[in-house]
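First chain A sits with chain B, and in the next complex the same chain sits with chain C.
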Partner chain A sequence: MTHDTHRPDGATTDSADTHQSDGTTTDSADTHRSDGGATIEPERPDPSTDTAVGRLEKFADTVGSPVVVDAAVYLLYAVSVAFFVFPVLWVVSASLRPAGELFSYPFRLLPPEVSLSAYRQVFDAGMVTWLFNSTVVTVLGVGGILAVSIPAAYAFSRFEFRGRRGLLGVVLMFQMISPVIIIVPLYTVMSTLGLLRTRAGLVLLYVGIQTPFSIWLLKGYFDTIPTELDYAARIDGCNRLQTLRYVLLRPVAPGIAVVAIFNTVLTWSEFVLAFTVLRSESRLHTISIGVYKFQGQYGNDWRAIAAASVVGMLPLIVVFLGLQRYFVKGLVEGSLKG
Partner chain B sequence: MSRHDNTTTEEYLELVAVAKTYGGTTTAVEDVTLSLEEGELLVLVGPSGCGKSTTLRMIAGLEDPTTGDIRIDGSSVVGTEPEARNIAMVFQNYALYPHMTARENIGFGLRMTTDLSEDIVAERVESVAETLDVTDLLEDTPDEMSGGQQQRVALGRAIVRDPSVFLLDEPLSNLDATLRAQMRTEIQQLQRELDVTTVYVTHDQTEAMTMGDRVAVLSDGQIQQVDTPLACYYEPANLFVAGFVGEPSMNTVTARNERNRFVGPIEYPATTQLAEAADGVERVTVGIRPEDVSVRPDEEAETATFLGTVDVIEPVGERSFVHVTLEGGPHVTAAVDGTPRVSELDRIEVRLPPDRVHLFDAETGEALHHPQRRSTATGLHPVADGE
Partner chain C sequence: MATADSTTEQVLTRVRATWRRLLEQPLVWLAPTLVLLAVFQLYPMLEAVLMSFTDESLVRPGAEFVGIQQYARLATDPEFWEMLRVTAVYAFSSVVLHVLLGLVLALAIDYGVRRGLRGHLTTRVSVLLAWIVPGIIIGLVWKVMLVESQFGAINHFLGLVGVGPVPFRSDPTLALASTIAAGTWRGTAFSMIMIYGGLQRVPTRLYEAARVDGAGRWHRFRHVTLPQLKSVLFVTTVLVTIYALNTFDLIFALTGGGPGRATQVLALFMYQEAFQDYALGRGAAIAVVMLAANLLLTGVYLYAFDISEEV
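For the complex of A and B:
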């Protein structure tokens, strides 16, 4: 927020270094924002030079006052939030309009008339099946990812073995490869293994593709837990798996929740792999393919697309609300010094 | 809690030439040989990174020694799981399980290692909680407890399993000074009551001096001296122990041995006794405890008296530490009773009495000579209780 003020004589005063005419530093240079944000240093050119600068200083005082700055910051927040929320509101609004009302002018977010016909349409088209398929694939996929990445992250965090760093690097390298790039060989592999048009094939792909990142993320959480907890558990008679199960799993729960939510969102709405693996097997189609169908079948039926999207969003919101209490930071903190 | 049926005084816990090397290059513990009698409390003391915690972890079975043997009650335990060694350990950060209540924390080991019924587990947890005065905290989780309370619960978790060896890894260093002094006494009392063989690791020499039956001073992965605390203080085996034990550290000056005097930054007159002790050694280190240095600004000069300038005076209550730079360069700290009559930058005479001088071989650091111990007669004696 610190700007150089250009004076009429061409000299530049840095507001941080501005002094009053009596040589003392201005107190207001340390103005703290009421919301605890960064320190604001208002612009204050030296008023002793000429009256124009004096007027400029007065203006700068007004602009730099905490109320104005706060207002500007909140305006910025509002614009940013609107930028992300508006499309969601538009989708909800579009899904509730009667047919033909979508592009009426002038645009109104609250439709004059509410119609559920688009929802009826998507449920008739097979929404329940898509929701069921997405749920199965997501639960198995996220479950698989956690089942592989939790023990792997524990091992990477705790065990000393040859090539540990190298292996971690390789794991990260796999994450760098976008699945879209290798989709052709993946298709061939899936075809050879007979996993095309199966849920198992799709779940395996999700587990394979998402596990590396999840391992890295979870390893970070395991690293924050003091090794003494492992020691204490071993002295109390736990083997490695019991240590993980009884002692470390709970302290690492916030990390597991993050990995679970992250992968749920990703697998729930994933389209490219699902479309490639499931192909025309419509009884296995997931929600993202379902949404896509309204583009294919009816030539961009925006109301149906909007309704399907809204229904598709709801389970994610439920999952997020269910898991968010685990985000409450560090259960582990209590085990360290008081 | 009397688990020791036989009252033999044979070695109960033994470490024989134990060494630990990481990755073939980093040596944490080089050569440690120790033995503890049953019920003994040994303090393992040394600076950070000297290998004391690694030694403790090897005794616990959390790490295996690269070479050497560890025996408990006569049989080697190398390669066995911690659980099988029947040891208990208390950690610096307590390492309480954060999601469990105090009751679950204390009872966890019993649940995992024994098939005792829930009633018996509860009974033993409560009995231990009573001993440690944490009964009111049993339903609290660690984050609801203060550091001192967590410490007690951690002790409870250790003693509930009735261990044959008790290991404490800097258990007091996270506590504030008052609580530390109190817990120090409590741990000592607890150890005596339980009569359990204990290894206590600390870097704090006050703990080392006050707690242990014996002290093992460790540096660079090697045992420097194993002795009673007073012997480590009065007869340090080498320069390291001399510098490490005692607060402030022993003053030392290295000098060339010229038979009747030691010539270095200062020229120190050698008594016959000192000259004999230093015989055949080319360079010696003259050491003297701060409490043996006398600071006499206005008395007549005697032998072994040197001129110097007072740098800093540190009053610490009943005594003060006077830091002096002698002519010729060496710094000397004197511990004097009360508040000294000198002030900073005063020029004073400092006497280093020859009958209080320790002598070391400057090359090897080995001790050559120690003065007599100071008299301990202070009129303090126990009152006869008529038995």
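For the complex of A and C:
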């Protein structure tokens, strides 16, 4: 894995710079006043040391020598890597065992004899169809989300119109509504529109549901781009669409990447909407539905269930390991307004 | 020929001018979003409320207005209150664990980056790895982890030290704890990334000033980092709460709500009522209760964090 290049000192100087450039004075007296009245006191030998909090503070300060903290942080890294990676390894390991073989003592992650028979079962059950359906739905869904949310984010960032803030608030409010809540009426809506059991219906639904968060993220990126760029383009004779396409799209690209990656993960993984819209139309089933149905059939065949899980998560993991750097970078640099 | 060309030219110019004028209208840019939101979010929400006052059913055409009967039925159903409790326990534990673990990990990774420690990237990628696994598959992964045979990792290792097998999925309390653990496995990444992003935006001069004043590590965290993270923590907590309150896929696959109704959260209950018992009206009433809980909690957080001017 390559190391992030923009990291160590770049990050710190960056944030200091942005703060100076936004016009605030930077001498430390001013800093002091601006941090919300929370005065920072030096180590105080006052009675409060007797309270639990006081003792905790003292403890934290004395134990906080760099070596101790470094060691604690390394320990935390090790524990979290184990906690977050081990289940995945275990499932991969379980899926590779020959039929009937249990985990033996002593424990070995790779079985002495690797068998792919569990994977054969999964592919015979229709895994290729599920993967294909998920890919189609994800590509169309993410494309649709971008096509709808980029213009909207542009409008919220670049137009001044009455009720702009209010409308943005309303759009964001929908982000607070989980699609699970409206699943019951959604069923009747989809039924009325003739969209039940169709792929188009599912894609439209994803676009409708995931757009608010995408708009919010993208608007943050648009806001960071100086409007002078727009004016220059307009003077050169660009209309607004051309301005967006030829001038603004490039600087917003990291934000678009974040939105695309985020929505790819959501769309690929989504279950309850797909399950409700596609119903029993098994030739349209996505990976989540397929794997769920599969485990219903194979009950206690843990090898087969493990194999199905591996196939279901592998594509995303591969894509994400390649792109996660841009994802985190985009999120951190951009203005996930917080 | 020449005249034809100039008329085409004229038409083209007029089209271009109209297009240009159209593009000056914000509504043109917002129209697709507004239409989609109206059809797939606003209308269903209103419809949910209307539906909850009827006895609409999936298997019988037509519906009658029944007033608050569905709500009355819920309120007098002891099982509903039990499910409300299960949902609250699940959501509360999840929020606390996600946000705390996310905060600790974000601080640790930030610290590692600043001090040049090795392994912060591996840690970050590992946590994110869990987040991108589809919910249904997380349910299955943890099912395999917790199974009461040699295939279950936890019981495998407990067996090595002579303990167990522990009935993780058939004991009511353990089953609920298992869903919370699996939920935390998935959800921590989101809080971690949000808070990590927030940490990058704390101006370093604040830390320098605090250091000049002689503030120790704890004081710097308490009086510089935390206040600066306030709005990020707010947004994260709200989103995590909503996410936890409406968890469906993971529990659906891991325990299916069982044993009995030990892990039957409201989302699962609603789904069952609507699509397995075909009682859309009853399902809608549960949906409205969930909606109210979502809005109420968002309101409480807005008040508690007191950052209305920042969000």
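In this section, the second predicted complex is superposed on the first by the 239 of 338 C-alpha atoms of A that agree within 3 Å, B and C clash if a C-alpha of one lies under 4 Å from a C-alpha of the other, contacts with A are read in each partner's own complex, and residues count from 1 in each chain.
Rule of thumb we're sticking to: a contact is a pair of C-beta atoms (placed from the backbone, for glycine too) under 8 Å apart; a residue touches a chain by one contact, two chains touch by 3 or more.
Everything numeric in this text was worked out from a predicted model, so none of it was measured.
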* To do: Using the superposition on chain A described above, determine whether A:Val247 touches chain B (first), chain C (second), both, or neither.
  => first
- prompt: Between chain B (first) and chain C (second), which, if any, makes contact with A:Asp236: first, second, both or neither?
  reply: first
In the overlaid three-chain picture, which partner chain does A:Val81 touch, first (chain B) or second (chain C), both, or neither? second
Exercise for review: Could you look at A:Ile182 and tell me whether it touches chain B, chain C, both or neither (first, second, both, neither)?
Suggested key: second
| Between chain B (first) and chain C (second), which does A:Leu321 come into contact with in this model arrangement: first, second, both, or neither? | second
Looking at A:Pro226 after the superposition, I want to know if it touches chain B, chain C, both of them or none. Which is it: first, second, both, neither?
first
Of the two partners chain B and chain C, more of chain A gets touched by chain C
Overlap of chain B and chain C contacts on chain A, residues 331-332, 336, 338
As the complex stands, chain A meets chain B at residues 226, 228-229, 231-238, 242, 246-247, 250-251, 331-338
In the complex, chain B touches chain A at residues 57, 60-62, 81-83, 87-89, 91-99, 108-109, 112-113, 141-150, 157, 174
Chain A residues touching chain C in their complex are 1, 3-4, 7-8, 11-12, 15-16, 19, 26, 28, 31-32, 35-36, 38-43, 56-57, 60-61, 64, 66, 69-70, 73-74, 76-78, 80-81, 83-88, 90-91, 94, 102-103, 105, 107, 147-149, 151-152, 154-156, 159, 161, 164, 167, 171, 174, 176-178, 180-189, 193, 204-205, 207-209, 211-212, 215, 239-241, 265, 268-272, 276, 287-288, 291-292, 295, 302-303, 305-306, 308-309, 312-313, 316-317, 320-321, 324, 327-328, 331-332, 336, 338
Interface with chain A, chain C side, in the complex: residues 19-20, 23-24, 26, 29-30, 32-33, 36-37, 39-45, 47-48, 51, 104-105, 108, 111-117, 119-137, 140-145, 147, 149-151, 153, 156-157, 160, 185, 188, 193-194, 196-198, 200-206, 208-210, 212-220, 222-224, 227-228, 231-232, 235, 238, 242-243, 245-246, 248-249, 252-253, 267, 270-271, 274-275, 280, 283-284, 287, 290-291, 294-295, 298
